[in-house]
Every structure is written in structure tokens, then in C-alpha cells.
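Each of the next two complexes has subunit A plus one more chain, namely subunit B in the first and subunit C in the second.
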Partner chain A sequence: MSIYKRDLMIYVGISIFSIVLALVFPAYITQIAVMFLMVILAQTWDLQGGQMGYNSLGNIMFFGIGMYVSAIIQIAMLYGWGGVGEYTSASGSIKVEIIKSNYLYGMFIGAFAAGIICVLFAFVFGQIFLLFRGPYFAIGTLGMVLAVAELVSSWEWVGAGGGLSLPVYPAEDPTESGRLYFYCFLAISAICFAFISWVVSTRFGLALNAIRDDEAKAEAMGIRTLRYKVSSWMISAFFLGLAGAIFGNMSNFIEPLEVAFPTITFGVFMVVMALLGGKGTVWGPVVGAVIFHIIKETTWTYMLGYQWVALGLLIIVIVIFFNQGIMGSLAERYPHWFGIKIEEDAEEATS
Partner chain B sequence: MIVLKDVSKAFGGVQANKKVSLEVEEGKITGLIGPNGSGKTTVFNSIVGYHPIDEGSIQFRGQEISEMPVQSIARLGLLRTFQQTRIYSKMNCVENMLISTDNRNVSLWDMFGSRTSEIQDKAEHLLEFVGLYRKRTLKAGDLSFGQQKLLEFAMALMNDPDILLLDEPTAGINPTLINGLIDRLHRANTEFGITLFVIEHNMRVIMNMADQIYCLSNGQMLASGKPEDIQNDKRVIDAYLGGH
Partner chain C sequence: MWQGIEMLFQHPSVNVKYILDGLFFGSIFALAAYGLALVWGVMNLKNLAQGDLVILGGYFTWYFQSALGWNPILTLPIVMFIMFFFGWAMYALVVKWVIDKDLFTSLLATFGLALVIQQFINLVFGPETQTAVSELGKIKFYLFGGRIVVPEIRVVGVLLCAAVAVALIVFMKRSRTGQAIRATAQDARAAKVMGINTDRVYALTFSINSAICGAAGALVAMMFLVQPFYGITYSIRSFVIVTAAGLGNLPGVITAAFGLGVLEGYANNILGASYQQFIVVFALVVVLVWRMIRLRKARMVLE
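Now for the complex of A and B:
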């Protein structure tokens, strides 16, 4: 089918373009890396908020848990589990000499473990929170992330509110670490995109859509709705955990409220990006994340002090003029671009 | 196949069902009639597990189902349609059909099953059966109410149920299409071997179709019997035409 060939070319084109972009503008490499992080945040949110109709305000929890899990594992790999408390209580005064291969190995193990632990958290929390519907789910998950952030803030062993600093990547030149995280986020967002595109094309995607449209009907048809809902959350949690782990290493310093559980920044951005791009579509969150990130970086640079006003205006514009999002509006106007066939006689027959 | 014994259900102070007993025979078409508010839909809701019953017992093939959750009952092969049609409005007709397949023996991996041509063919065949094939790529929410009823019926057939509870299948359907629908219900019963239990207000439809009819009034079983007996039952005529 030509539409698949076209899609494949789009994927390859975007990947090459972003790598070239990063090589041509090394000064912006961190911003571009964060842009790919935004793509991951929007995509994973959309799997619940868009495809399934469960507007989560707590997905950022997995990001933070992933970050802490990965950080603690990396420290434990250097000092042993007994040494973690000593390291964290020294609040950054212990400076680590680490070689590149050890650093990368630790980061890899930490990130992978973070993904797995987040999947377990999603499995357990999902059994409780995914029984709530509509606004109860939204508020419930918001409470969940705030509670977890508070608990971490008072947990001495992981550095409590003071946070903890991570070993620094032993880069030879200053752009090297930027490139490392850029490739990490590019790879995770590509895998995340491919996986989510595949998963929504299967029966799984249909089931999530059915839950979104009429959950009681889905139950009456015998669909194991909770199993689908929890699985969807586990998929998002895995990629959020990975992303959080890498972002922790990129930041070097982890602190509960602003870095690990940034509910009012990343936690809100992921919703805005998915809405802007078009929720419930595969490409919507990607497009939304890229456009949002560019707008955000521009306003943060040129309108500092008013950046939150600009963000608020953006949300209002989306809600009023783009309530289907960019991809949603395009799909409505140009359905053939998206491979949606509407037979001519079908239109006549309904009228 | 389904046996209700002295089932009672009250909502607040309203006694919706009071000691209702009935039996749906396998392979037959059973009708349930009664004036508005007589508790017909409550009977359906009780059977499929929508709400707990206050007392009595509901058995499906000898198994007590009155305490089972909705999804588990559906997976026994006991399905219902709704009076206010329920379809997945933002998905197209084919997608509505594809997700309505049987969930009885699905494993974890089946969650990620891709669309097989076998299931696709079955979906299209059933859409043709109810006369919606030409509208298969339209969003279900854009169909008319009557068409949505037909789609919901097709979705139920997609699930290969053993018994189907239909809540007013002809309400809102164009009178000229009703004959076609009666024919399809008959064929679902004879060709697909699905036992039907039907709530219906249209007397012409139910009298032509049903093998056995139960009549409810004020939440209580008023009469039961063959259609001709029910038609001539003075209590039934009173309940429908006057009195309450």
C-alpha cells in the first residue's frame, strides 16, 4: 500500500532532518533533546487521554519515579546499597570520578530498571485509579502525583526536599553530553512512536476507543475493560520511566517538586500538547509537542515574565478554535490524506 | 435457559419488580410486554447484572448469575441491547463490529491481535445482513437512530451470543423496515440458533414472532402463555387499555 510507503518515508525523513538539525545547530542541541522528551510526554499521555478518554493529570508521576529509581540504582552501583544514604546526606559534596563506559552502563541499567518499576507502579495504581471515571479519575490522579511528590520530599534516604546530585558525564568537550542525551531522547521517542502506532492499529486500539466512546457498552459486550485500561497505563508508564531516567542524568541534579514531579509544568504541558496536536490521533501529539515546544522556547526567551500569560492564551485558543486539535481538524477536512475512505454512495444514502 | 425465581427489585421506595418468575426456553423466541413503567427493562438489567437484585434467584443454564458482574455474564454468551441505543459513536461501523467479537476465550496476547480478513469478512457480512453495508465507513454516531439500532443488533450477532436480550428492537425504526427486521430476528433465531428474549411494545411484531409471552404490570407478572392466549386475556387488555 502506497500510504505505508509514504509513512515510512516521512519517518526516515524526520529522523534524518532532526539529526542534521542537531549537528548544524549544536548550541540548541539540549533544546532539541527536550523537544523529543515533549513528544514522548504527549504521546504517552494521549494513550489514556486521547485514545481511551481517561484524562490523567498524574502521568508525570511515572516520569519522577523513573528518575529516582534510575538515580538510586546508579548510585548504588557505585557505592553499594548501603552507601546510598551516605551519598545523599552529603548533598553533592561527594564528587565521583567515573569513566565513560561505567557511566553509560549505569545509565542504561538505571533507565531500564526505571521503566520496569514504573510498569509495576502502573499495574498496582491502575487497579485502583482506573476504576474512577471522568473528572474523578482526573482529580484522583492529580492527588496521586502530589502525594507521591510529597512523600519523596520527606524521604531522607533519597535526599528528601534537598534533592540529590548525580555523577557527571565525563565528556571531553562540552557538546558531547548534549549529543548523548539528544540521541537517547531521539531513540526513545522513535521507539515510543513506533510502538504506540502499532498498538493502536491492533485490537487494543479498538478496545481503547470503545472504552472512550461508551465504557458501559464495552462492559456489556464482555470486553475485559480493566485489563485494557491497566495495560494502556503500563505502556505509558514504561516510556515515561525511561524518559524520566534519562532526564535525571541530563539534569545532573534531582529535586522532587521542580525536576522529578513537575506537575504544573511538564504535567500540564503534556495535556496541552496532545490537545493542540489533536488527541486520539497518532501524529497529533507529535505535531502538538513540536509546535508547543517552539512556542514555549520562543515565549520563554522573548517574553520572559509573561510566558505563563502566553501559555494561558495558547490554551484558550486551542479550546475555542482547535477543539479537535491540528491533526483532528485536518482529518476532518482532508480525510483521504489519512487513508480514510468514505464511499460516495454512503454519503448519499444517509441523507 | 434463563430461569428467574421470585426476583424483586426496588429503587428507593419504588417497587420495580415484585416476585417476578419466568423462564426463557432455549432456541425459542420469548416476549416480554407490559405498559410503560411496568418493570420490563428492570428485569433485563437484573439478568445482565446491571444492578444487584433484592431477593430471588436468576439462573442461566443452571448457573446462578444474580451476583456476577456485567462483563462475566456477557462472556457466558448472554448479551443485551439497549432501549436507548448504545454504539461507539466516534468509530466507524466496521470498527464497531470488529471490537464486538466474542470475548469468551481470549488470552492476554489476543489483546494485541491484528485484524484478520476472516473477522473483517464476518463483520462486513453481518453489516450486509442488517442492511448497513453501504454505510460501513461512516462514523456510527452519524447514523440515524434506526440505523444505530440495526448496527447494535449486528454488533450483538458479531459476538456469537447464545441468547440475546433485545430491548424494544423496533422502536424508532421506520415502519417499512420493521418487516425486514422481524425477518432478520427470525433468521437470527433459526439460522444462527440464537435464543431471543424480546421486550416489545409493538403488539403486531411480538404476537407474530414470539413462541411464549410474559406480561408485566406494576412490576408483577400479570399473565403468561402463547400469543393467542395473551391476546385474549382480559387482564392484559385491561392493563394496556385502562385501569393503570
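Now for the complex of A and C:
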């Protein structure tokens, strides 16, 4: 059984386990759904940060763009394109009788369009930003997401700083909507895991690793580096767009700075999670996201406003003392688990 | 927006106002960017906490002025002194461990520091915008028959800024320590062989940078506003200026800083203050693309 198939089986096992968990503890279903969102964020970041060596601080932009695209499409499907910006938080949530099938149809179209638009954005932005290397890419993308958040929060048509409110899921009992979003995130994260771990195991993944190790040599070997870099960003953007669209529906209300473009929450979390788990590995981001989310959910509320200071300190500690991450240090100790073959000594080979 | 552009032609004297605004901005950007160029050149550290150090300095000045009633101009050396030791502590606790690691490690570690500083200020002083009012600020100069108002504090601020910059240049060029710093920037190994304690030079460089940022922050608090989350914009501005000017190019840093300041002066007045970050990021992208096109002729990349 190949490593890829084994990984996939383990992930399916985890998914089934989490479904059982969600059925046994229905009160925590939202937390488990957000945990899968974290897995998506960490894994899409790792495709650039870990596999390609392009440490983006602005990948969260696609999350926000996806959220806005999906929200605008859903509102426009109900009310037409004219009055999108009128459904701000001030006017309250949208009061209209919609049936479930309409809602699901709108959500599906919105999420799909969000993914496609994000891919287009990644294509266009990638032509410029992926030319920058090292620290310039990190700072450029950080600036990019700040600038986009600022532009959206002064754009009247999408509700400016006031945000937009989305249609509410017409559920019979309150736990039903939680289950819906849980299954959505579960499905997206499973597809994302399967796709990214497959991509990494192919020639494409090797090209990305070559770019990480030495971009000039990779170019000299005939790899069209920009094309690979942009494609990798487009893959990440697609999944981030989908995740953003579902998250927008889940929170019912979107707003540029805190919900759609949360640079210092999700935008930083995704980097921290991938580093904690070990960047450049398939399982690192997953493990990092799960551990980080559990620690965060259990300790966050007890820190009385000092969460952000703790988060900053956590970044510093991880970066200085735990650079390889959990899976990185495991790979060093048990290389055969990861399919890394170490040449045996001549003596052992003969005996 | 179109009204703003029409204004330019109807009343040409507003140009003077925009350019003056830009020069006031630019003098502060120049200080922060010179600090960044120093740590970048000497220890190859891309400091993302640069802007937050500026804001921290600004909050010290504001605190001394509002709580203790000191004159903000007199607080400038005190803030520099405090920030010098703050920088030393930062170096010993964090920066020391990351300077020999890869670039993203140091970038992320300083980003973590930026987060800690910014949130700490937010918790202690609250998220409101603050300004340190001084007695000097009461007087205003009127130019062009009262059409342009220049508060006296801004003129004094620019002079103070120039004084700090001159002191710094003299220190770097004339003193023995400045010579050691320049030697380390040229070749750290050779400097070590010559008996320079490079670890100490690094600590000193980072502390000096922190003190410069403190001075810039004190001036920001006097001349404009400080707010806990304004730091990141100052960091990006410093990057724009240093990238445009190159390392160790002091006239270039000053020219680029005033250029960015004038650009922002026009953009703020024509587009409005809500496009501030967009303008800065746009300038960053333009500068990076322009440098890349120039380097491409020599088949080189910006690393």
C-alpha cells in the first residue's frame, strides 16, 4: 500500500471518528466544524509555506474574498444585484421566507463561484506577488491583505465597514444548521487533504520542492517556476475560497476586518499551526491545527484579554525553539513512517 | 476624488500644503527607515516590529505628557533612553536566537514581537487614538493669507528629527563604536578576527535602532496621532523606503522617505485617509516591480 493511500485511509478514519464525536457531543459541533476549517487553513498555507518555500502572510485574503463573493451572490439571488449593500447588520438579518432547497442551492452556487473567483484572483495577483522572493513576498502579501481589507471596508456597494448579513438557514431545530456546516467543512477538508497530499506526491510536488530548495537551479533545469508557483497558489485559493464561503454562511454576518479578513486571528493561526505541526509534511498542518485548536478552545477564555500577547509569545517560542514542528521531529526519529529511505550501512547490508 | 484634483488647479497654493504635509510625514519615515536599514545592513534582520517600536515610543511620550504633565519635547531623550534598554532586552530575549537562522524565522519572530507589543499597548492604554499636546502646538503659522495653517509643533518636530539624524550620522562616522558597527556590516567574520565582539555590536545596533524608533514615535505622538494598531503601516513604509533606497545609502533613504511622504500627503488629501494602507502597499509593489525589472537586466533577483 502506498504512503498516499495509507494517509488517505487514516484521514477517512479521523473523519469517521469526528462524525461519531459530533453525534455523541452535539454541543461541541461548531467547535469541531471550526477545527476542520483550521485544518483547511493550515494545509493550504503549507502548500506554499512548507512545500514551495514561499511564506505567505496574506493567504487569508482568499478566505475573505470567497466569503464576500458567496455572500453577494446569495443576496443577489434573493433580491437582485441592486440592493446588496442594504443588507447590513444595521438592517438586521434578512427577513424572508426561503425554503431549505433554495437556501442550499444558493449556498452551493455561492461557494462554487467563490472558489472560481478566488482562483482568478490568485492567478492575477500571483503574476506580480510570486515574482518577489523571501521576505519581500511575506511583506508584500501581508500588505496585500491589509490593503484589500481597507478597500472592502470603504466600498459602499458591499456594505463598507458595516458588513453584510446573509440569509438564515430555515432550520426546524437549532442543532440542524450546526450539523450542516459541520458536514460541509468535513467534506471540504477531506477533499482538500486528498487533493493536496496527492498533488504533493506527484511530479508537481517535486517541482514545488525544487523551487523551495533552489529556485535558480530549478529554473535552470527547465521548470517553468512562475507557472508552478501560480498553480500552487490557485489550488490554495480555491479551497480557501470554499472555506470562506461556508464560514460566511455559518456566522450569518460578515464584516471586513474581524470576520472576512482576520489577519491577526486566522491569518496568523494558519502559519502558527503549520509551523507547530511541522511545515513541508502532509500530516504536519493537520496535527498542528488539531492541537492548536484544542489548546486554543480550552485556554482562550481564561486569559482575560491577554490571548493576543500569549499568541505572539507562542509564535516566538515555536519559531526559536521548535522550528521543525511535531512531524518534523518525528520524521527525524522514525523516517520509515514517512517513506523516507535511509541507506543502510554496508555492514548491515551484507550481514 | 475629482473635486480634490480640481482643487489642485483652482488653488495652486494647496500644493504647498500637500508638499509641506508630505515633508512632515517624510521626516519621521526617514528616521524609522534609517533604523531599519541599520539592522538590515548590519545583522541582516528584516524587522517587522519596526512600526510597533515607533508606536511604543509614541505611547511613552503620550503617557509622560498626559499623566505626568511633562513637556513632550523634553521627553524625547528620555524616551530614547528607555527604548534603548527595551531594545537591548528584546535583543537578548528574542532577536539573538534568530539572526543566524533562515530569513522567514527572523521575520516571523519579529512579527510575533510586533503582535505582543501592539496588543500590550492596546490592553494597557486602550484602543483610542492619542496625541501628546504640547504648549508649543498652540501657535500656528499662517501662509498665503491664512489659506495654509502650519502648527508650530510640526516645524519644531522636523528640526528635532534633523537633530537626531545628524547626531546619529556623526556617531556612526566619527566614533569608535560606529566604526565597529560599520566594520561588522561589511564583513562580520573579518570584524571578529580583528577583535570586534560582534555579538555586542549586534545588541548595540538593535538597541540604537530601538532608540531611533522611540524618537520617531515621540515625534509622531507630538505631530500626529498614535494608535496601537498603526504600527504595521509604519513597518511597511520603512520597507518601501529601504527597498527603494538600498542599504547603506543615507541620501537615498532621505529622498525616498520624503518622496513617500509627499505621495501620501497628496493621496490623503485627494483620496481621503481611508486609502492610506492601500497607497503604502501600492508604493511597495511599484518599488519591488521596478527594482526587479532593473535587476533582470543583470539576470539577478532581489533576495
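For the reader, a short list of remarks on this structure follows.
In this text, the second predicted complex is superposed on the first by the 325 of 351 C-alpha atoms of A that agree within 3 Å, B and C clash if a C-alpha of one lies under 4 Å from a C-alpha of the other, contacts with A are read in each partner's own complex, and residues count from 1 in each chain.
Assume a residue touches a chain if its C-beta (ideal position, glycine included) is under 8 Å from a C-beta of that chain, and two chains touch if they have at least 3 such contacts.
Since the structure is predicted, the reported quantities are computational estimates derived from the model, not experimental observations.
Once chain A of one complex is fitted onto chain A of the other, the partner contacts of A:232 are absent, as it touches neither subunit B nor subunit C. When the shared chain is aligned, subunit C comes close enough to touch A:150, but subunit B does not. When the shared chain is aligned, no partner comes close enough to touch A:249: not subunit B, not subunit C. In the superposed pair of complexes, A:48 makes contact with neither subunit B nor subunit C.
Of the two partner chains placed around the shared chain by superposition, neither subunit B nor subunit C is touched by A:56.
Of the two partner chains placed by the overlay, only subunit C lies in contact with A:305; subunit B stays clear of it.
When the two complexes are overlaid on their common chain A, residue A:133 makes contact with subunit C while staying clear of subunit B.
Applying the stated touch rule to the two superposed structures, the overlap between the subunit B and subunit C interfaces on subunit A comprises residues 216.
Contact residues of subunit C toward subunit A in the complex are 46, 48, 94, 97-98, 101, 103-105, 107-109, 111-116, 118-120, 122-123, 232-233, 235-236, 239, 243, 274-278, 280-282, 284-285, 288-289, 292, 301-303.
Residues of subunit B touching subunit A in their complex: 48, 70-71, 74-75, 79-80, 82, 86-91, 95, 98-100, 102-104, 106, 108, 110-115, 134-138, 142-144, 147, 155, 159.
Subunit A makes touch with subunit B in their complex at residues 199, 201-204, 206-207, 209-210, 212-214, 216-225, 227-228, 231, 280, 340-343, 345-346, 349-350. By the touch criterion stated above, subunit A contacts subunit C in their complex at residues 55, 57, 128-129, 131-136, 138-140, 142-144, 146-147, 150-151, 153-154, 215-216, 264, 268, 271, 275, 305-306, 308-309, 311-316, 319-320, 323.
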